[in-house]
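Mind looking over this structure? Questions follow.
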Amino acid sequence: MGWYVGLDVGSFSCKAALLQEDELVEAIVLRSGTDYAGTARKAFEAVLAAAGLERSQIDRIVATGIGSSRIDYATNTVGDVLAVARGAFAMLPHVRTVIDVGSQATKVIWIDDVGRVSHFAVNEKCATGSGRFLQVIANVLRLRLEELGPLSLQSENPVSFNTGCAVFGESEAITRVSEGVPKEDIISGVHHSLAGKVASLMRGRGVQGDCALCGGGALDVGLRRCLEDKLGATMHVPERPQIVSALGAAA
Amino acid sequence: MYFVGLDIGSTMTKAVMVDDTREIVSTVVQQTGPEHRRLANKVIEQLLAEVSVPIEEVTFLVATGYGRINVPFADTQTTELTCHAKGVMYFFPSVGTAIDVGGQDAKGLRIRDGRLENFVMNDKCAAGTGRFLEVLADALAVRLDDLGPLSLKAKDPVTVASICTIFAQQEIVSHLSAGAPIEDVIAGVHDAVAGRCVRMTRALGIVPDVVLTGGVAKNIGFVRAVEERLGEPVRVPEDSLITGALGAALDARDRYHRATAKGEVKRKERKLTEAKFYE
Amino acid sequence: MANRGLARAREIMGARQERVDALQKEGKKIIGYMALHVPLEIIDAVGMVPYRLLGDIREPVTEADRGLPAAFCPYMRSMLDLTLKGKLDFLDGLALAHYCDAQEKTVRIMTSMVDFPFSHFIDVPTTVHDYSLDFFTTQVEDFKKTLEQYAGTTVSDDRLRQAIDVRNEQRALVRELYDRKKSTPPALSGRETLEVILSIQSLPAEEGNALLREVLDEVEDRDQQGAEGKVRVLVWGSIIDDPAYLEVIESSGADVVIDDLDGGTRPYTTDVETTGDLVRQLSKKYLVGTSTPRTVVDAGEGPPKKDNIRDLAARFKHVKRFIDDWNVDGVLLQSVRYCDPHGYELVDVMDYMRHLEVPAIYVEHNYSEGAFAPLRTRVEAFIETLE
Amino acid sequence: MGAEKKPSAINKLKAMYPLRANVDESYQKSQEAIAAGEPAVWSMVNWWQGGPVMKAFGLEVMHPENYAAICAADGVAQKYLQESDAAGFPSHLCGYARTNYGYTHRLMREMGGQVPEEAPLGGMPPPILLVASNILCDARFKWFQGLGRYLDAPVFTLEMPTPGVKEFFHEGVYESCVKIATESTREFIRFVEKLLGKKIDMDRLAEIVDDMIEMNRVWYEVNELRKAIPSPMHSRHFWSCMPTSLYLLGDCKEAIGQYQDLRDELSAAIANNAGAVREEKYRMGFAELPPWHSLKFFDALAERGWNFVVESWAYHPPIPIDLSHVSDPVEKIARYTLQFQTGYYQFAKDADSDLGYMGYPYVRWAKEFKVDGMFMHPLVTCRSSSTHLGYVRETLERDLGVPSVWLEGDTVDFTLFDPEDALRKAEAFEDSMEHYREEREKAGFDW
């Protein structure tokens, strides 16, 4: 029975997943500081400790994500698209479309009956197209990420942002607040704008089969609701959606 | 007679008063900042107070900057482009190209025989604006004013590949964690912003003298970066912040005299009331 | 049809398709065409109605990515987008021509991705040599033949001559309309002019002429008392097919008194001669007599040494005439981004404007509603420099 | 793309080197001739319409398109692009054109006609004649027109028609196309004769034309051999061998021999079942212009078993056509270039596609060359090589079950094409190719 570790070294958080063959045994999510490699090591050691394993007992360590090149002790690395696809398929074998909203990029991946990537689209150039936009706004509104969703659901009339830039969106949000616009309308506005970006990323293909939503963004019920409205499809969210890539890397 | 120009920018609100001889009588520069957005009138009050001129004695008042539409007590609005051109020409009659890097936008102005001939603008994306520097100064925990002096110490400036400000933020953080000296990172950031401003302005053709204005022009490191990118020396007015407001004041004077010439002078009953945003 | 004249024109612009829908119910066949080289007379002559296809600056482009890259003429992207959304399904056919690469390639993609009951592509040479005209004439003949087959009729010379006469009259009426804009202030605004032109381009020729006459009468006795002239500008460049675009310019303190645009003067500057071989005369008008930035009058015509200003003067003589006769203060050069013919032309036009010492600015836009705000800023600043 | 030095995963071909050498040699020759006082001509690639004529006149021809690519590879392009921007040319114009504008601005306005020191390969001296062509894209004649502000040289624009696909087969259309192409070429000859004050040698022209056609016939056979599995020749080799044909470099008779050697080498390779890459896992098509500046990235893909077996339609010779019955060399030229332009029209028409050139050939090739995936490289500032890619992608996927990977780049702005990113995407794209392999099987295709 082999032990496998997947490390998803992201810009916002680092995730480690420990598998025994294809069974998930342990997983952990740590906020990345400035030192990706350091955080990754902490996460790695944490999952080992939790399972009472020695480094020497691990048969394979696979790294993925923006900082994967910094993991010198990794057996090998795998691209983030494949990692997400593999992970999502392992957790939700019935899905054929996967939306991954991370803090660095948003990916849409269409997979076939055996979990292979048949098509994919990635948005990574501009923060307004990624989960990072949410973090930025949460930050200026002095809200914790997990507060965003519930608030957003209460929004009566979401604001529509005048700008296509996360930084300007930030100041716009501040001004709106100072003019008494309720926070929930601002957050819901961000959700709508982000959902719009995802939809345009899916243009031409749309949702095929069941659709999974993963990455940190999947924890946000507000975003989830917006996506479901915009795409007219149910979002299947795996348990602990942030670890999908880590699990996919290990699998 | 007094003429007032009010320039409401995203980060700074500036007001300048000139007399009929085009002499600058009074100047005020204040943080715009979210909570100050409605306080354009306070800036004017301060401007008047400094030279104890009552509002009634202001002959003509021109508002400019992106908040210009929201100034109820202005006689008229003039685009920031024209105002900047007029302001820049006041300081440097020989100007051919002006680059104004504001807090929320950047403009390139091509000036030919005392006229604004052509221009380009970026107000869509924070990259290439002063905002980029603010955000990154933040991330580096360096005071905005220290960026310049620090960057001059750079030995081997890093390359900032991300266009998006937010992602650039991460990029420089990882540059630092990879051990790059902060001066090199700052220099890299200056070069990135300079690169975008210059690239934008090149479309107009660069004609000397090149003048750099806006808050960022106070940053010596940035000025060097622009010169580097241009391969041209760059001139900076003593007070690089007020060119827009000054231009507006001069424009107020021009407009007033044009109106009188046409015999259609309408003095406005001026009351300082709040300017509102996002009606 | 309560409305007449300008009101009618605006009404038609508001719902361009309504009129042709009605015509279709009467059994008329509607042939969609794009600027600028499709000989409308032939469509008229077979008893069908040429309907000028326009993009939709207000409709977000969502489908076009299937067929066209993002960095591509946004006007053609809009055109393909509308096609893929089924908004051209009502057409009985398409008459297409090689205006520019973007259009030539887009229409190939359009007709490959969507089936139309009829479509014909007319290739347009780049130069105006005799052999170019010979070739274009065979292209036009082929178009005539194919359309005749589709219509199940053959067009006699008399029928074709009638059609030409009607269109010549239309071109004369449009020119008269522009003449009314020489006055200060102009008898009608740029917006109104564009509305009239775009609506007659979606009407049968005769009906269009009637509308033009109504408008001419209407502006005849327009009360211009006390009205003050504004800065007089000429607008040059790629297609403007939304009157709101000119509205932005005119509400920023300018009068658009004349233009060099596909949606403006370009189709109307010359007539078709009705002597001799009519198809060749048609071809001559639509190739040699229709100035587009893609048509090359290169030094091949002149002595093999070139003088740039002479070259520019030859290429842009019509622009000079406009500036002189319409007493133009400034020139607004505008183009959609990624337009090659106008993009390459730009610097030459700028050079020529400098030579003529006429102030000019260039404004590039992305053919979307978002283009209006920056356009206003630029125009305002430009006008301030002219005051 | 790691920096470690390892042997390229793409096998070398001996016969490739002489063909590739032609580029520098003929460039060298031109430079020397011009230095010795021969007039220079700047010409657009014109697919064998103007080329043989200029060769018969013995003119030294330089190709700004090609030279811009050289400037890009040499790293001086950026400087020229900035000059072009400063002159006011919109930044969305063809990157090659902008490079050329910047270069010419420098050459004429700053150096007074002397080649600037930074110009690679001795630069392009001021021309006495500009030869434009309207084949494939507007840029290729509008561009030269725009040089008028710098150069005191006449422009001649060659006419080659671009008829519609079904219209092409209407009565009389083909001959009318031949007529304009012939007349235009004839006018070109008259024009050059007038300019040089000397007559063209028609026998010489006839000889060149026949050699040119034979050379391209052999070159066509070479590419037919690439249909073999595994394919013996990689796109990188194609791009190295192509200029000799496309620019009519060197002596056509020699070139015929060089392409014959290549053909023989490939036949031999096929005989011992030797592919261009160590282990051919995926057979790839490439559209359109390659990322000249990062060709190494093809080695990295070769490591993964990607063999590029067909590419850039516009760089390929036309399907051979028998013109032995045509005696007039000028008419022969016209018919031959027209064959390049319309050679695939019949196939397109049968498939009810209106993209007879540029677009449809890829669909046909995907089938003939048994392509697993198409590598799409749209260029932001090169419309004509990008316009059709979306259509091709959709058609390949729908009709043949061949997926495409989409990687934006530019002719000169290298920052747009990111090889690292390309490799990341390649990894995931292999999944898609595996997926579609099964799809094709289910659909009863034979690859």
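All chains are identified by letter, namely A, B, C and D, in their written order; residue positions are counted from 1 within each chain.
The rule is short, and it goes like this: a residue touches a chain if its C-beta (ideal position, glycine included) is under 8 Å from a C-beta of that chain, and two chains touch if they have at least 3 such contacts.
This one's a predicted model, so the numbers in the text were calculated from it and none came from an experiment.
Asks: Taking a step as a move to a touching chain, how many steps at least join subunit A to subunit C?
Replies: Counted as steps through touching chains, the separation is 1.
Asks: Listed by label, which chains are in contact with subunit B and with subunit C?
Replies: Joint contacts, listed by label: A, D.
Asks: Can you tell me which chain lies farthest from subunit B, using the average of the Cα atoms as each chain's centre?
Replies: D
Asks: Give the chain pair, either C-D or A-B, that is connected by more C-beta contacts.
Replies: Result: the pair with more contacts is C-D.
Asks: In whole angstrom, how far does the Cα centroid of subunit A sit from the Cα centroid of subunit B?
Replies: 39
Asks: CA centre of subunit C versus CA centre of subunit D: separation in Å?
Replies: Computed value for the inter-centroid distance: 35 Å.
Asks: From the mean C-alpha coordinate of subunit B to that of subunit D, what's the distance rounded to whole Å?
Replies: Chain centroid spacing, subunit B to subunit D, equals 48 Å.
Asks: Using mean CA coordinates as chain centres, what's the gap between subunit A and subunit D in Å?
Replies: Comparing mean C-alpha positions, subunit D is 43 Å from subunit A.
Asks: In subunit B, which residues are in touch with two or more of the other chains?
Replies: As it turns out, subunit B has no residue touching two or more other chains.
Asks: Find every residue in subunit C that makes contact with two or more other chains and list them.
Replies: If we look for residues of subunit C contacting two or more partner chains, we find 65-66, 362.
Asks: Edges wherever two chains touch, nodes for the chains themselves; is that graph a line, a ring, a star, complete, or other here?
Replies: complete
Asks: Could you pull out which subunit A residues touch subunit B in their complex?
Replies: Residue list for subunit A touching subunit B: 11, 34-36, 67, 104, 125-127, 132-133, 136, 163-168, 171, 174-179.
Asks: Within the complex, which stretch of subunit D touches subunit A?
Replies: Going through subunit D, the ones touching subunit A are 403, 424-425, 427-429, 431-432, 434-436.
Asks: Please give the residue numbers of subunit B that touch subunit D in the complex, ascending.
Replies: The touching residues are 199, 202-206.
Asks: Quick check on the complex: what are the subunit D residues that touch subunit C?
Replies: 87-90, 92-94, 97, 129, 132, 134, 137-139, 141-143, 145-146, 148-149, 152-157, 159, 161-165, 167, 170, 172-173, 176-177, 179-180, 183-184, 187, 191, 194-195, 352-355, 358-359, 378, 380-381, 383-384, 386-391, 394
Asks: Inside the complex, what are the residues of subunit D that reach subunit B?
Replies: Going through subunit D, the ones touching subunit B are 82, 85-88, 90-91.
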